[in-house]
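Structure incoming, see below.
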Amino acid sequence: MNWEFIMKYLPLYEKAAVLTVRIGLMGVVIAIIVGLICAAIQYYKVPVLKHIVGIYIELSRNTPLLVQLFFIYYGLPKVGIRTQADVCGVIGLAFLGGSYMAEAFRSGLEAIEPIQAESAMSLGMNRYQMMRYVILPQAMSISVPAFMANVIFLLKETSVFSAISLMDLMFTAKDLIGLYYKTTESLFLLVVFYLIILLPISILGSILERRLRYAGFGA
Amino acid sequence: MAEELLKIEHLTKKFEDNMILDDVSLTVHRGEVIVVVGPSGCGKSTMLRCINALEPIQGGTIEIDGQQISQKSKNLTELRQKVGMVFQSYELFPHLTVLNNILLAPTKVQKREKEEVKKEAMELLDRVGLKEKADSFPRQLSGGQKQRVAIVRALCMHPEILLFDEVTAALDPEMVREVLDVMLQLAQQGKTMVIVTHEMQFARAIADRVIFLEGGKIVEDADPDTFFDHPQTERAKQFLNVFTFENVKHKTAEEN
Amino acid sequence: MAEELLKIEHLTKKFEDNMILDDVSLTVHRGEVIVVVGPSGCGKSTMLRCINALEPIQGGTIEIDGQQISQKSKNLTELRQKVGMVFQSYELFPHLTVLNNILLAPTKVQKREKEEVKKEAMELLDRVGLKEKADSFPRQLSGGQKQRVAIVRALCMHPEILLFDEVTAALDPEMVREVLDVMLQLAQQGKTMVIVTHEMQFARAIADRVIFLEGGKIVEDADPDTFFDHPQTERAKQFLNVFTFENVKHKTAEEN
Amino acid sequence: ADGFRTLDEIKEDGTINIGVFSDKNPFGYVDENGDYQGYDVYFANRLGEDLGVDINFVSTEAANRIEYLQTGKVDVILANFTVTPERAEEVDFALPYMNVALGVISPDSNVIDSLDNWNPDDQMIVISGTTAETYLTQNYPDIPLQKYDSYATAKNALENGNGVAWANDNTEVIAFAKQNEGYTVGIPSLGSADTIAPAVTKGNDTLLDWINEEIQTLGEENFFHADYEATLLDTYGADYEDELVVEGGVTSADAEADSEAESETVADETEAESETAAETEAVAETESETAA
Amino acid sequence: MPDLGLEVLLKGKNMMRLIGGLGIALKISLISVVVSIPLGILLGALMTWKNPITKAILRLYLEFIRIMPQMVLLFLVYFGSTRAFGWDLSGETASIIVFILWGTAEMSDLVRGALSSIPKHQYESSEALGLSKVQTYLYIIIPQTLRRLIPLSINLITRMIKTTSLILMIGVVEVLKVAQQIIEANRMASPNAAFGIYLAVFLLYFLACWPISMLAKYLEKRWK
């Protein structure tokens, strides 16, 4: 292990980690928004739109992110739709993550017994009050484990951004291997940085999940 | 006779093509306690749900306090506040404490003062023996405690009429008793109630009138003594038979 | 007196440091029907589970047909075959049809001829009115039907004694009746049974002896008429009170 | 062995693993029938034939080539591998079979003909692990590079306008300009004039010696000219033939200096530059601050 | 209408080559799943062991595998391990190794979940009928666990197929690489082929994964 090399290229990895996290989080945030909209459309069974959402979810869940990115980044410009690499990364992640988030939210909503809505209604609440005070708070907390799993999944998926020339962690490692042939050191740094990013989120996720599973409300 | 609080006339209700309630008419006066009995699937729950406009109806009218209620009523949420409902399964909001379960609707829907409602809620909780559970969450309560909270929650909205749908069906005998005792109290206070139950002894004790529903039709409508001791129809007799047993032990004893 | 089939002597059972069964002794003779009643948590289920060696015991002995049974018994599976057990929740195997649920143990454990067992199973199914459900899966049955299958499954092993643990607690009244009727039939046929139930009328009708358990101790052991009409202990009186109601309606009627 | 197979072991096995590009038309690519084609592949086929073994082509990316040799995943790399001193420390190069320098191609609409005064907002497309990347990283650290790991993606990126220009071997960019309308090689020659040679795992002398002998022998029949005519003529026309092809392992500079063929191939390059430059206009005068 | 790559797709063996590339992806996923299932069951069972050292090691392994992006795992095995241990590993073998490592981790988690979702009274009623421990597992627990497991493992196959798209990064010629080769070989004749070819790849992956996930969904619903 060449520590000199490691120290020298540490800053490069730091920069890459920032980019990984930044684009990853942007993708996750948009995925959440997309997911919420899709889940709402499916929950309220909005005509026409619900079919479109259904098709989107199937397409997105049954194709790899790398192929989605290749199509967006290299294919679409041929019909005049051009995107910058970072924008493309965010779009790709949101396209993929949107369906995963939608499923997480939808299963949260569906896990709530209809009797909850009915008792809210029989207490005289209108639709908005019912959603705001009864359904959403419960659905959100039920979705937490799936939600956290999705966040980790999406951050992991950013590793394919290297294929569209985004200087993320994976890219940096690949590049250094190609430039200086220091495979062991480059991979070592790569693993360390992914652990630094993902381990805390994973631990947070399992804490939240345990709380919800064993204690539930009122822990 | 006291004023007519609930007036159901020629109610029909279908699920797709199945006739669930078939020309049901029923008037409940203020202060009256009506018990509805009948075999499983005869439409008891559906009837209660129609009164609260939780189900769309296909024919007839339902009036509460002189105002017609249906899913299309403009003032539906107001009308629903006149009707308190308690269901079979624990329908407390699991993410709120007992107290917040009770306060939610009075403060958000009726926009009443939080402090005032809180005072009332604590008094009611005290009366059902659950004062010290105010800050517990539903999952920390037993089934019987949950149902008593659900009753308090409904009461705190000051409804004109209370509907109970097999509120003790999922409980152990002692818990059943806790809940039924609360309902007996309410009856003594003169609350208007429509109760669906399978507890025949309780029905006889609490009812002013017993309604026997079968196949979506009201087959009998009588005072409890008449209904339990001299049911008029063959069907009601059969139904009541389910709850009585003939001794078998003597036979076995002889064989021994 | 008929031979002693089940003999429990000075049984103690703890969960960690909680004494659940405290020096319980009970003898059941061939052909006897014993009903065990008592408040929730008093140890009724635990007692039945000990008889079947589903729980390790901390003291005392349990003998079936003269042979001691415990989790360490060498011939445990043989002894268990002498005891048939039906639980509260539908414990049919969901991946097998009704018939295969019944055939599994007789063919795999007792190595009996499949055809012969099948013939017997179909006769028993017929007797509980479920012949045509033989090829259905458990999820296609109602709760009452599942429990009747569970009873047939236990019967098909030719047990010496049958244990029933609140088998109707999760059922609607009519389904309750279907299942209890099957049990009444078995009593008439002279089967030896130990039954835990909250259906007091049924208990009275079927029991040769009623055992009242409280706090892990046998508090009363009497014939049903004595127990229900003249309970000896204050606790038993309190317990039975849960099942009787005093009329309240006249008061309300006066107030109106 | 130390992560490589000797000549005898390869012969015994009956198959040689050769790393080539599969997306670098016309040097190494796969045609619509799934067969490998191109200048490098033509040579590779001949190697296999003369060795008397079957060939297993392994598709490589630029950045993988050293890795593949060092971990023994291939026996030989014939993937347009430019000889550099840094690489020579990691692998052993055989005699060269082609000349190369760097070039920069850009769309006609915005021809880049100098790397000075670079607009910091513009990005230069390069392929990860190529000499272009190394050269620009060392000599023009301020030019933002947009890096791709395959030829296919880099070319797509150029077409799609993701970067303003693409720096690569001049052979490659010239070929691209000839094959695609609307592109100009604004800087035809950058850095040192280099050569392209087969490479083997460091220390695999038996295989290295055999390849060197083979290249020398093939020179007698003008094999690489034939290779050019079969694979590159369509793209470059006849003009470039003498300029690109190195026959018998002897560069024009070597020929003039009459130096020994077995010597370290890298050593003599700087002397070669004036000679090469004089001969053509397409491969222009190289700058003096060469990497070597 | 400019040519967007459809002609190229139909030229020569191009379509067959793409499908062949997908075949490699399918082959790798299938082999990996088939190996992962027994290994996962074994590991899931080992996880229930009381031995704290076994437990700690297994947990470490599972957590590491589940946290690292699959691409990193591929690089670690393909480049890292060949360096460290000096063995010769083809890209395909490396991918199978990674997918088995990953699949086993996922599988063991699924097994654990499936086992713990079998209600306790299933064990008890089986014992009460006099079935021995072995018989209980053989006739009652394993059949029920498998039912829960089969849809989940089918789902794992689709996840693996999707992840095979990454193996072009370690030099395996699969669908995406074939697509790049086709685009490259036809750059002159059809400069816009990237659109059609990548679209075709997108659809091919969809056609491979969608029926499988539908099957999983169907089985899950049916065996609920």
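The letters A, B, C, D and E name the chains in turn, as written, and every chain counts its residues from 1.
Everything that follows uses one rule, which is that contacts are C-beta pairs under 8 Å (C-beta built on N, C-alpha and C of every residue); 3 or more make two chains touch, one makes a residue touch a chain.
Being a predicted model, the structure only gives us computed values, none of them experimental.
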Between subunit A and subunit C, the fewest steps along chains that touch one another: 2
Touching subunit C and also subunit D, the following chains: E
Most distant chain from subunit E, judged by the mean position of its C-alpha atoms: B
Winner on C-beta contact pairs when A-E is weighed against D-E: A-E
Farthest chain relative to subunit A (centres taken as mean CA coordinates): C
Rounded Å distance, subunit A centre to subunit B centre (Cα mean): 47
Separation of subunit B from subunit D, taking each centre as the mean of its C-alpha atoms, in whole Å: 86
Whole-Å gap separating subunit B and subunit C, where each centre is the average of the chain's CA atoms: 33
CA centroid of subunit A to CA centroid of subunit D, Å: 41
Residues of subunit E whose C-beta touches two or more other chains: 79, 83, 169, 194
Per-residue multi-chain contacts in subunit D, two or more chains: 64, 67, 70, 149, 153, 156, 159
Touching two or more other chains - residues of subunit A: 74, 77-78, 162-163, 174, 177, 183
Chain pairs in mutual contact under the definition given at the outset: A-B, A-D, A-E, B-C, C-E, D-E
Interfacial residue positions of subunit E with respect to subunit D in the complex: 11-14, 17, 20, 79, 82-83, 86, 88-91, 169, 171, 173, 177-178, 180-188, 191, 194
For the subunit B and subunit A complex, residues of the former touching the latter: 49, 52, 54, 77-78, 80-81, 83-85, 87, 89, 91, 93-97, 104-105, 108-110, 136-140, 150, 153-154, 157
Residues of subunit B defined as touching subunit C within the complex: 2, 31-33, 39-40, 169, 172-177, 180, 184, 187-188, 190, 198, 201-202, 204-208, 224, 242-249, 251-253, 255-256
Residue numbers on subunit A that touch subunit D, as the complex places them: 73-74, 77-78, 82, 84-85, 162-165, 167, 171, 174-175, 177-179, 181, 183
Of subunit D, residues touching subunit A in the complex: 62-64, 66-67, 70, 90, 125, 128-129, 133-134, 137, 146-149, 153, 156-157, 159-162
